[in-house]
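One chain, subunit A, appears in both complexes that follow, with subunit B as partner in the first and subunit C in the second.
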Partner chain A sequence: MNIEAVLQWIRGPGLSLSLGIFIFGILLKLLEIFLLGRRKNLAAVRSSGVAAGFRTIFSRSLPPEGNILRRPPFVFIFGYAFHIGLFVVILFLAPHIQVAQSLLGLSWPSLPTPVVDVFAVIALIALMALLWYRLTSPLMKYLTTAQDYLVWALTFIPLLSGYMAYHHLLLPYTWLLAIHIASVELLLVLFPFTKLTHAFTLFISRWYTGMMAGQKGVQS
Partner chain B sequence: MKNDPSLLDILRQQGVSRRGFLKFCAATASLMALPPGMAPVIAKALEQARRPSVIWLSFQECTGCTESLTRSHAPTLEGLIFDAISLDYHHTLQAASGTAAEEARKTAMEENRGKYLLVVDGSIPTGNAGYSTIAGISNLDMLKEVAAGAAAIIAVGTCAAFGGLPHASPNPTGAVAVSDIITDKPIVNVSGCPPIPVVITGVLAHFLTFGSLPELDHLGRPMAFYGNNIHDRCYRRPFYERGQFAESFDDEGAKKGWCLYKLGCKGPVTYNACATTKWNNGTSFPIESGHGCLGCSEPNFWDMGGFYNALSEPSKGTGNALGWGVAAGAALGAASGLMARREKDHASRSHQQVTVDDLKREESP
Partner chain C sequence: MSKATLERGINALKEQIDAPTAAFFSSCVHCGLCAQACLFYTETCDPAKTPIHKLEPMRRLWEQEYTLGGRIRKWLGLAKPVTDGELARWSELVYQNCTLCGRCSMVCPVGNDITYMIRKMREGLSAAGHAPDGLIGATTRAVKLGSPMGVTLKALKAQAKHVKEDSGLDIPFDVEGAEYMVLLSSMEVINYPEYLQAIARIFDQTGKTWTISSQAFEATNSGIQIGTSDIAAELVQRVVDAAEKLKVQTVISPECGHAYTAIRWEGPNLIGRPFTFKVQHILEVLDELREQGLLRVEGVEDSRLTFHDPCQLVRRGGVIDPPRNLIKMVVDDFVEMKDHGKMNWCCGAGGGVSAIEEAAEIRLKAFNRKKKQLAKLKVDGLVTACANCRIQIEEGLEENDMDMPVIGLTEMLANHLVEEDTGGGTSS
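== the complex of A and B ==
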């Protein structure tokens, strides 16, 4: 068994398997949430709450009441830096778009690799800064569980291995490509069963909160 | 052997000047990533070198490797070096046939036991011995017999180095590489389909000069030629960086010579010297002709997920696993959700109202 054969497995059966588990898990979690149902609201509603729901999805992304200092600025700034960096890297690197095209048939223009590279570095630095914050802030230490470190590593390793593959650091490209794709597959497998599901549930819960507040006629 | 002319004598006879010879030595030294001071050493060694006996065995192969090494560049120095070894057995090139040919092999083996070089092209079938035989001898038996007395083995071409096309799925003949069978001799894998001519002459020159084999990578290939990947040395690399890709073989991007990554180029995972030494006397290499790299110098390149699928694309249909994922996720999710709902209904049905009296009763001793 050489690395070329390993890469073949990772690009073929390994990818199918992890994507299958990912979709299985996400559907399982979402259906569990949706089918649970909600208690019937007996009060007369002020409005349907739909508009308020969408407003809340947006407004919760902004600094509270326009004042960034009301949330820990460290988390706010690096949290955004990480997520923006991550999305640019995932969505605008040509080889990644190629994956989307082969899986979904969708394609869009890519960004030049040096630009993507900058965003990858931003995301990596932000992730490390957030880990440092988690390790040093007494409040964060109190709230942190082992799973938080797990999901940090699950996110960090694909970014780092992709960055290293592109720059030929430490290992030959073939090895790093195999490690990169394998780490993404591990991320996909564990995604539905960890806090990473926030990518799917975040906007649903924001919308629901906003809708409930809207029906009651209060600000959310 | 004693009466054989030296390599330089042969080159002189063929009209090669000393200057031309030294230029070749310098080029070989730089190709092999040796310090410039090594060029005179190579020249001296080659001048004095007696023609080493080379036995060339062809197993499950297409003769493309022999074509590559001998035919395309007849008057070059590389070609002469190739003539200048004592090629005692090569059943495509030798005049003798039948018993006479096999006798030549036996004689060469006996006279040069422990000193001859064995060159192998083609993979070895391990299934039915009858899949490939020479003079009634199976490839497996012949390889073992000849390898036993060889100083070193050069596996020329991807078939001999890694199994190549015969090894491709489903591998009906049970084809394997030389290194899968011979484990007690130094083996150099000169992979490629076919390999670059200068790579084998470089390896030969290294063997003649130092009496040893060049530094090899993890797949047994000479580092000097297989140290860099095609992608890093490709003249189209700037287009990759800028995100300018040919989307089909006849679109505007293809005409402008943009990157062929999306058309399945395997340059990023292919380690070979094509982009620097090029082919046909330095004319060009496949990417320069508008076609992506197939990755022919890598193991299992026939099964690397399709020649025209981009490297990042899944190499197998993902449909089945995704379908199962959707079906199982929907079914289990629905079941789990409904069970939770039932539990909730049950809880609300069996919920008992707590009155102020109940609470007061609990407080009393």
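== the complex of A and C ==
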């Protein structure tokens, strides 16, 4: 079996399979959450909490009130750097938009590749910094589980292999592309069953927290 | 209460797990930021005190029972079951090292309301028999005697007599059709009887009718602190029955943080129906009277003062502006702590912590956070609106050789009432 055939499988059935598992897993996750339900609040509320809920969905993407530097700035700086870098790379690299177009029929303008490249480097450095923090801070060492490292690797490998493929580093391009797409597929398959689900569920969490606080008259 | 067992604990926890809980556990990425928001972590640097870690047994139970992946792992024998010993170990983290202050819930980047879950976790621990003795005692006294500190109606009547002697004002008991029904915390009856007199004088000046029910005058609710909803419901029901019997319009929660959460926000949910009367914190009532121009004061405090926000009033209760509006009526030199209002730091003794003997050391350590805040301000005194915060702060200041009066806000306002309007007229 040559690498061309492997790449073909990865781009065809492999992609369909992993996307299928991903979509099934995310829907299952949402069902697992919403089917549990929630008791109606019988207290006389100060407001419906709807506006507060939506505000919290947005506001928790910002640093907490004015004191970023009094908290460990490390997590904030590299946390933002990683997420922004990752989003730019996923959404604005021309080949990624082509994939989206072939899968969904949707297209949008891309950013120049050298620009995306900078964001990829930022994301990679930030991920390594966050790993270093996990490995060295007593607090983080205590909280970190095996899954945290797994999820780190699942995110890091697609970024790194994509970067290497683009720059034709170390391995032949076809190999790197195969590794890149395969690692993305692995990420998709494990996504719904790990803490990676936060990418979806954080909106639900922020909604509930913001709404419940809003009913009491507090913007959380 | 039937016998506490692991099985009952697990069942109680399962009953507590709802959609928000599942969303919260699904969203946590172990970033550690909640630790930095928790005074039990910041004052000890013990990673076990990270708020989300206090929920680890409950998280595993959720995963094993309510997710497909977790169920498969459990079926394959790969999941670590929650044990009785584990719950026993977690008791210290959940009861002694958390005041349910809610600060972690404000900073979590994925938006988890961690405090909401700790409240739930306590239901499981108490059903499993791992609630601390101090809270069990307080709860038992609350059920049997009507007060967690064993304060009887007789003791309250004795205080009422003192008020009459001091101010000439009657404390009205069981007056049907009064506008307000006043609740008190045992701590106020015993340690801060000035509150009762302040209320009497303020209502006298403003011409409002009020009463205290001899059936239900206790505002605190040990049931929600220990995490036993049926007991919490029973304690709420007493107040509801009294308020409905006396046909009052509004029940007033006293200067106590968790009492407000208990009756205002949890109360209707505990008894399973909306209230037929309004519930307000005393500061909300006073602020309304201020707005209506009925609360008339004279003179100002000549010292530099700050305000300590009781967590359950601000962050968990939404009473943020009233204390500030009221303080500014009688204080010229009012300064805020850097983190105040909904981002205040807890005193270190809320959520039942003050009732737990074994927590005496840790709560004074937690107080260091407040100490640092106060040291930066250079104030002459501190105003607050919770008897529990007040006693903790007084003890903490004493322990740290800091000489600073701690004043109840209602009492401070009463000291500034326009004199000729008070009925008794003999007050100092």
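In this text, the second predicted complex is superposed on the first by the 218 of 220 C-alpha atoms of A that agree within 3 Å, B and C clash if a C-alpha of one lies under 4 Å from a C-alpha of the other, contacts with A are read in each partner's own complex, and residues count from 1 in each chain.
To be clear about the criterion, a residue touches a chain if its C-beta (ideal position, glycine included) is under 8 Å from a C-beta of that chain, and two chains touch if they have at least 3 such contacts.
Computed from a predicted model, the values in this text were never measured in an experiment.
A.B. asks: If we overlay the two complexes on their shared chain A, which of subunit B and subunit C does A:G20 touch? Say first, second, both or neither.
C.D. replies: A:G20 contacts subunit B only, not subunit C.
A.B. asks: Which partner chains sit in contact with A:T144 here, subunit B, subunit C, both or neither? Use first/second/both/neither.
C.D. replies: It touches subunit C, and subunit B stays clear.
A.B. asks: Output check: A:S205 vs subunit B and subunit C. Expected answer is one of first, second, both, neither. What do you get?
C.D. replies: second
A.B. asks: Which holds for A:G37: it touches subunit B only (first), subunit C only (second), both, or neither?
C.D. replies: After superposition on chain A, A:G37 lies in contact with both partners, subunit B and subunit C.
A.B. asks: Where does A:A5 make contact in the superposed view: on subunit B (first), on subunit C (second), on both, or on neither?
C.D. replies: In the superposition, A:A5 touches subunit B alone.
A.B. asks: Can A:G217 be said to touch subunit B (first), subunit C (second), both, or neither?
C.D. replies: second
A.B. asks: Between subunit B and subunit C, whom does A:Q98 touch in the aligned arrangement: first, second, both, or neither?
C.D. replies: The answer is first: A:Q98 touches subunit B but not subunit C.
A.B. asks: Name the contact category of A:L28: first (subunit B only), second (subunit C only), both, or neither.
C.D. replies: Touch status of A:L28: both partners.
A.B. asks: Where on subunit A do the contacts from subunit B and from subunit C line up?
C.D. replies: Overlap of subunit B and subunit C footprints on subunit A: residues 28-29, 32-37.
A.B. asks: Flag every residue of subunit B that touches subunit A in the complex, lowest number first.
C.D. replies: 218-219, 229, 231-232, 240-243, 245, 261-262, 268-269, 271, 298-300, 303-305, 309-318, 320-322, 324-326, 328-330, 332-334, 336-338, 340-341, 344
A.B. asks: Applying the document's contact rule, which stretches of subunit C touch subunit A when the two form their complex?
C.D. replies: Its residues touching subunit A are 17-24, 26-33, 35-36, 41, 45, 47-48, 50, 52-53, 66-69, 105-113, 116, 264-269, 272-275, 278-279, 314-320, 339, 342-343.
A.B. asks: Would you pull the subunit A residues touching subunit C in the complex into a rising list?
C.D. replies: Listed in rising order, the residues are 28-29, 32-39, 41-44, 46, 56-57, 60-61, 64-65, 67, 71-72, 75, 79, 137-145, 148, 193, 195, 197-198, 201-202, 204-210, 212-213, 216-220.
A.B. asks: For subunit A, which residues count as touching subunit B in their complex?
C.D. replies: Residues 2, 4-5, 7-8, 11-13, 15-17, 19-37, 94-96, 98-99, 101-103, 109-114, 168, 172-174, 177.
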